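By letter and in written order, the chains are A, B and C; residue numbering begins at 1 in each of them.
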Amino acid sequence: MTQLVLEQILNGLQFGLMLFLLAAGLTLVFGIMDMINLSHGSLYMGGAYLGAAAAQASGSFLVGVVAAMLGMAAVGFILEILLLRRLYARDHLAQVLATFALILIANEIVHMIWGPQPLMLNPPELLAGPVDIFGFSYPAYRLFIITVGLGIAALLYLLVSHTRVGMWVRAGASNCEMAQALGVDVRRLFTGIFMLGAALCAVAGVLLGPLLAVQVGMGESILILAFVVIVIGGIGSIRGALVGSLLVGMVDTLGRALLPTLLRAVASPEVAAHLGPALASIMIYLLMAGILFWLPQGLFPSRA
Amino acid sequence: MKAHHRHGIQLEIGLLIFAAALPLVLQALGEDYYISFTTRLLIFALAATSLNFVVGYGGMIAFGHAAFFGIGAYVVALLMAADVTSAWIAWPLALCGAALAALFIGAISLRTRGVYFIMITLAFAQMIFYTIISLKSAGGDDGLPLEQRSSLTPFNLANDATLYWVTLAVLAACLIALKRLAASRYGRALAGLRQNEARMEALGYPVHRLKLVCFVIGAAVAGLAGALLANQNGLASPSQLYWTQSGMLLVMVILGGVGQRYGGIVGAIALLGLEEALSQVTEHGHLYVGIALLLVVLYAPRGLAGLRVHQR
Amino acid sequence: MSALLETLLETKGLKRHFGGLWAANGVDLKVKEFEVHALIGPNGAGKTTLIHLISGGLLPNEGGITFSGIDITRQSMHGRVALGITRSYQITQIFPHLSLLENVRLAVQARHRDWGSSFRFWRPASADFPMLEEAEDWLGRVGLAEKAGALACDVSHGEQRALELAMALATRPRLLLLDEPMAGMGPEESAHMANLIASLKGTQTVLLVEHDMDIVFRLADRVSVLVAGRIIASGAPDVVREYPEVRRAYLGDELQ
């Protein structure tokens, strides 16, 4: 039992860190530009496809990761300059319409290039097997994802809290006019943030590729999780995104693994079999509704 | 002004007669498939209109409307599975089921504002989605098929044209009700709320209750639309509850024109019509739909129905 | 006629501080029914804070407020509106895209909340003739009858303020709080507004915050002088004008 719980905690950590890669960009775009970007999940999907294709062509997983990052950063650049920049000043409804349109377009383009079948992406051979930690064996690849995720989270933390660019970002998240008064070139800052967010999405897409299917529509389900994360954490807060990601990752993973077992202890097997999966899959939404009920601005409100 | 008004009513009656005659024309042309398709159009027009009431009249950007649409469908399918076939029982229950869910969800969600309201309505809709697909008695991922269409004695819904006319009648009734509602004291209070909520509160209006009632009315009509769709499709499907469906309905409303009485209808017909037309010529219709939507965002900020209105 | 002398609103020892600053430092104020009572005082004396304390936008740290014999010290803003305390705002608060008539009609409609008038869904509001006539009456009283059909965002600033007054009156308040109703107006518009307020004399209890001394001494039945969070003088305009501390603390500045 302890071993199961430990393993699930690691899985939750791994899932949470990947969610963080998505949520970090989303929360900055949402918090600083006040922009609802539904197409964020499409960047994740695009990254996964680009990475899988590049890895297949080159035979190297690393090439896949780098290609996905560079490719999606470029896509992000073009999108921001051509379209999104014209939407910042519009109301949320216009943003929903435009970015929903982007989802339709992205899905169709991926469909046209790679066809309806899911792509296969294998983990690097070096990491294909299990390793022994804490006295039980755990997939090396998942451990690798955790390490990369922690590394990126640390880098982002350093970037936001210890550099001049990070100061601009924080200033922008709490007060955009103040940032402008500080002499920040807001337009270029926004483009940069969007490219960074797109590259992080791509990393998450490639890293999760071997665990989940690389297929059309993969962005839609995870997008909502990323929104749940940033709403829980407080829109615009990187720290909130990290805490929210880990919380959502843990609650979701542990809930799915343990709730049915726990329910069996207190209710009849039949009820547990019915209720368990249902309850497990809505846990994070209950968490979010609860947090918003008591803290309407999330855990770390960044705007006054 | 008066003449203009009368002209508007004449146009509405003309359109209604055209819509009512459409199945006969299609039958004569041998295009029976299009009777089903236009029924679908009308059902989505109804659902989008109900959302437009919440978004455009009530000023609440709700991103979970598909939940109420889906609840209506599942209520009908579950009752059918329990041998309740009468539409006179099942459809009102579908409407009430959606209204009841909205009463609960709205009462909690309306504590939040702005983007948080958008997100909390989305979260509740996702909860309902996941609850229903994990229920085996509701058919799980596959959805719940209907053995037959509801029986709406004395009408025979098994006939596609009859289902079309019933749907058209429901839509027309809802539009008349919407027109009355917008001009009523309640509707005027909503108009004030949309423009200056703080002032309405200072005047002593029960703001929370006014908005909740709007949210519930919109959901109830969506539930009825869901009941109709289950009959049309012969299936209550989980995809009808998924967030992309909420997004689709919202897109129809924005496309048609937020707060315009015909916004939901124009949006539904434009979007589904475009999809259908493109499906005849290309496999990748959604690409062009997406591009068309982008063009609307950039060049017709008030939606298609707004294009007609110049300065008012 | 004894009703004329009844005290409608009374504050006793009202205190409210922001950090270390006492914006209200023991305010004792009496407003009698049907009088126009002006509140004057230098900038930062706490006039707006006092209006907020009376309307329920702020709660006091100490002291009490009674309205028509009822203790309303802890009452919500909503509850005070229901009791008949209505305020107008320094910043114009109207419904910009509705007609003037509709703006006032909504205020009339709000008054009937007890019998649920806002939850009538079928009958057109435009068929509510008594309600419309009442709204037209109020518009007429502030001199806007001619513009009843215009959108509120299309009329001048002065007309918007007059509209705001009509809306406040349409709620039939027992006490009307007017916070600088002439703010941002030209001389002509100011004079018009002053005439409007003068027309309320004897029928409507008004607590008026105003800077222009000429207007205050013309309009007010009684004047209270607020300096540093305290009422230092209260009484008929001619009497208050002669108080030495009033001349020193406030009028002196004005007269220079």
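By definition in this document, a residue touches a chain if its C-beta (ideal position, glycine included) is under 8 Å from a C-beta of that chain, and two chains touch if they have at least 3 such contacts.
Note that the coordinates shown come from a computational prediction; the quantities given were computed from them, not determined experimentally.
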Taking each chain's C-alpha mean as its centre, the one farthest from chain C: A
Most centrally placed chain - per-chain CA mean versus overall CA mean: B
Selected interface, B-C versus A-B, where C-beta contact pairs are more numerous: A-B
Distance between chain centroids, defined by C-alpha means - chain A, chain C (Å): 53
Chain A-chain B separation of Cα centroids, rounded to whole Å: 32
For chain B paired with chain C, centre-to-centre distance based on mean C-alpha positions, whole Å: 45
Contacts with two or more other chains, residues of chain B listed in rising order: none
Parts of chain A lying in touch with chain B, wherever the complex brings them together: 30, 36, 38, 83, 86-87, 90, 92-94, 96-98, 100-105, 107-109, 111-112, 220, 224, 227-228, 231, 235, 274, 277-278, 281-282, 285-286, 288-289, 292-293, 296-297
Residues of chain B touching chain C in the complex: 180-181, 183-189, 191-192, 195-196, 198-206, 210, 213
List of chain C residues in touch with chain B within their complex: 77-78, 81-82, 87, 93-98, 102, 105-107, 109-111, 113, 117-126, 128, 167, 171
Touching residues (chain side chain B, partner chain A) in the complex: 55, 61, 63, 108, 111-116, 118-120, 122-124, 126-127, 130-131, 134-136, 243-244, 247-248, 250-251, 254-255, 258, 284-287, 289-294, 296-298, 301
